[in-house]
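The same chain A turns up in both complexes below, where it pairs with chain B and then with chain C.
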Partner chain A sequence: MFRQPLSPKGFLTLLAIVALLSLPFIIRHEYWIYVLTIGFYYAILASTWNVMAGYLGRVSFAHAAFAAIGAYASALSVLHLKVHPVLGMAIGTVTGAVFSFFIGYLSLRLRGVYFTLSTLAFAEIFRIIVTVEYEYTRGSLGLETEHLIVTMSYIPYYYVALALLLGTVFSTYLILNSAFGLKIMAVGNSEEAAEAIGIDSAKVKVVTFLYVSALTSLAGAFYGHFIGLVSPEVGAFDQLALIIAMTVVGGMGTLPGPVIGALLLEFFSEYLREFGIFRLLIFAGLIIVTVRFFRRGLYGTLKERLISVGGSP
Partner chain B sequence: MGVALPIVENLITGLIMGSFYALMAVGLTLIFGVMRIVNFAHGEFYMLGGYILYYLVTLLGINNFVALPIVMGAMFVFGMAVERSLLRPIITEGLGHEYSIIITFGISLFLVNFAIAFFGPEYKTPPPYIPTYRVALGPISISGDRLLVATLAAVILVLTYLVIAKTKIGLAMRATAQNKEGAMLCGMDVYKVSMFTMGLASALAGASGALLSTILLLEPQAGLIPAIKSYVVIALGGMGSIAGAVVGSVILGIIESLGTVLISAAYRDAYSFLVLILVLLIRPEGLFGIRVREV
Partner chain C sequence: MKTVLRAQSVTKSFGGLVAVRNFSMEVGEGEIVGLIGPNGAGKTTFLNVVTGFLKPDSGRVFFMGEDITGLPPHKICIKGVARTFQLIKPFSKMTILDAIAAGALVRVRSKVEAYRRAQEIIEFLRLRNPKRLCGSLNVVEEKLVELGRALATKPKLLLLDEIAAGLRPSEIEEMKKTLKLIRDEFGLSLVVVEHVMPLVMGVSDRVVVMSSGSKIAEGRPEEVASNPKVITIYLGERRGRARG
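Entry: the complex of A and B
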């Protein structure tokens, strides 16, 4: 998949990075910088969810919950331990990793759907705990937290989010192209076959889930210190739905797909703000139609078309 | 006596709740048994059943007892349509479980937001089957409508059992669940069996919604918690096992009710997660399950 000649692909990647780096100088409107920053946050979540669903073949319903775990762990440690938000974000990342290890260890040994069920139950219990223990979390009101950077502009946040996104995408690229990445895809294709050639599939799954969840928690912690408020909304079902819609529409099982899907749907989402309640209805429709008829998503389908037009396989 | 009485009362509540979970869980386990998928839109089938009952009773003035079979019929057709239009590629193209999870999740999201947009996000209370009164059983009193609704649930469960055990299509369902290729070789129409299974399961979830929403409240996301519990139930009972689904439902209902008195009421909906963890740790194949190796 990534063994093609680097030139056109590398060129396009470079072009996209340069474009994203220079966007704040082109778009002078703070509002759109804000929208893009949120878009990068979703792009991180979609990219990491994609590693699980698109490559490892395991669907997690706790993805938004892990973002919330990172956000709460960070906000609470900044509040009580009086640490800097940067250290808080590190604590959030580690907390997410620890939780994911336990869930992964418990449920990933079993067949695929048990993992999905466990993540669903875990996400729900996390939501209940956060809402019930309002003395610590301020319940559904949300917990106010310090901002990461003291600034009047969104531009510094834009670059932090972009750096986190590029870090996520490149580390994922490196992992998928390593020997471990081959193991991930082997397990994703057929666990039995992977086991038969000597891959410790349980280990591959747990480590992948840990990597994915740590990054997700980091993104969540960043989001908390960007908005300045952590509420159960961060881990809500709607957020999970957005992440899945973005990944599926952009192209599950491809590296750029989730990023494209996230930025596209985030813009679409801002555009549709006046439609309010119909927004998620439309996204749900997009998920169904894409999965049913364009399984490879926008990026995958376009790539297929371009290749068939170009004539080379 | 001071502690014992609430415990007995809660045991009965647990049994009643268990009968509702069973309606949902039997449908889920049938779908899993025959089609090898977990339907993540099951809670929304429950919710739809509740709304159909609500509108039949409030708008058309139909009696609850007449409306219930109409709800089940409508949901049966709906379930079959979902299978035919969206789940069919799972059989024809042999798609993996990611497809089934994501597509049923998409259906779930669509139905929730459809309900928010067109039925409204506010709580609705369908009229009860019978006026609320208390039934006294010695020193314990339970509400009569709950008892009646639980009885109706039990009747529907028995009818479902008869369909599966005594009819030709039930035989085909059991055959498909045991060995899909074998069933096909014997000339069974696996497509038709899948469609019927989905219809039946969806009718059961709809019935559960039509019954339970008269006791609990009805809102677009009302199906989420019952659905999560029925997932736990089928993991506890053993996926694909009907007996497991019924026994698991009763056990979960009792655990929740006892947990509410003995530990904390705020965490009522979280106990199911603890049950799931224990199942995964101690007996991952569930109480009635057999370890299945997939090739």
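Entry: the complex of A and C
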């Protein structure tokens, strides 16, 4: 499939990485560096959500909640255990993994829509608890936390976020192209057929959900130490909606799609900031147009066109 | 002849409907057994019980002498029982190669090895252009991929649920040859659940007839075809030869 030493695909990937690495030297505006850093955060979330929805065929509504779990676990351990934010982020990752294991173990073994419903219930319960419980989380005021790096510039954060994103995309690429990746796709295509050929679908689903949730929690923890404040908003439903929109617009079930969608929508949403609340309307229109005319998302449609023109798949 | 599959008094009901009633059958090593019967006779339900997709209310299923009753489907596959589905369940968004390699993963750990095995099966089944998506195939190719996926798991017993449904007469002839070749090349036993009589009568060493969940006849194809009970359930009171 990707056996050539440097396929056009590989070349484009390399080009994109070099471009992203050199962008802070080209864009001198701290503001846009900040926007891009946030964009990378969303790109990680969209990429991991895409592994569940686009490959495993399971929709998780707890995705933003896992980012919040990572953010709170990290912020609280930095505050109370006096650990460095880097260690806090590791604690956040592990906490997300533990939570996802229990939710996955309980609900992913069921077929059908139960997993999605369970994640929705979990996300809402989590949001309500952190909002109402004031003592530890400061409720809706948000919990102030230490910054990851003491600096006046956003550029160091930009590179940390980029490293996390590249790590996420690369590890996802490796997993999807491994034997386990075949199992993920088999379960995503037909769970019964997968079981009939000896695939333990429950195990595949739980492990995938664990991987995805751990990375999401890591991204959330980073986000907290980037902004310096963790609020229930991180795990709110509109964040989830944004993640889903980014994935769908970019191209669900493709590796670069969610990254492209996330950067594009984050960029747009900043560009349209002057329209105030109306930008959400423009946003919604954009999504409808994409879904109507590019059903496989921007990247997915582009890929399809290229293949039908005669490029090798 | 060694017994590969032994189902003992299997009963399975859904609510008030008894789909399989006190049904027993055996499959010997290298044997092709046809399982026929009218719609709703309980053939697919029985297949689902054997492969672990349904748990029987009573009765036991033994594979190679080992009790496999109630094991989950993937564990039964690991033991060496593979199946195809009546309503095919293709891995639509995967390539032919990936779909069949996914089947091989139950026996081999490495993806390279799985691809090698898949390639062999693709050549054996004479599937062209294995980089195509499974969602873009014609009926014959879809059935062959379904078959290939099951073969990749290296089964000792393969259960085929209406593999010939929807095929044209010439394609049925091809399928007949393929099934016999599979038995000889892969050294496995087959249970062929089928409505297409030319296929099932042509390949089976033995035919079991089910009606309303029970076994009503069993024997060599020509014996079964002339059995009055079988003729009655297929054609009612009118007399004639059992044909699809």
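What we mean here is this: the second predicted complex is superposed on the first by the 286 of 313 C-alpha atoms of A that agree within 3 Å, B and C clash if a C-alpha of one lies under 4 Å from a C-alpha of the other, contacts with A are read in each partner's own complex, and residues count from 1 in each chain.
Everything that follows uses one rule, which is that a contact is a pair of C-beta atoms (placed from the backbone, for glycine too) under 8 Å apart; a residue touches a chain by one contact, two chains touch by 3 or more.
Remember, predicted model here, so these are calculated numbers, not experimental data.
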item	value
Touching partner for A:118 - first (chain B), second (chain C), both, neither	first
First (chain B), second (chain C), both or neither touched by A:185	second
Touching partner for A:107 - first (chain B), second (chain C), both, neither	first
Partner chain(s) touched by A:287 [first = chain B, second = chain C, both, neither]	first
More chain A residues in contact [chain B versus chain C]	B
Which of chain B and chain C A:199 touches, first, second, both or neither	second
Overlapping contact positions on chain A, where the chain C interface meets the chain B interface	192
List of chain C residues in touch with chain A within their complex	51, 53, 72-74, 77-78, 82-83, 85, 89-94, 98-99, 101-103, 105-106, 109-111, 114, 131, 134, 149-150, 152-153
Touching residues (chain side chain A, partner chain C) in the complex	177-179, 182-183, 185-186, 188-190, 192-201, 253, 313
Complex contact set, residues of chain B against chain A	37-38, 40, 86, 89, 96-99, 101-103, 105-107, 109-110, 112-114, 116-117, 121, 221, 224-225, 228, 231-232, 235, 239, 266-267, 269-270, 272-273, 276-277, 280-281, 284, 292-295
Residues of chain A that touch chain B when the two form their complex	53, 57-59, 61, 106-107, 109-114, 116-118, 120-122, 124-125, 128-129, 132, 191-192, 237, 241, 244, 248, 252, 277-278, 280-281, 283-285, 287-288, 291-292, 295
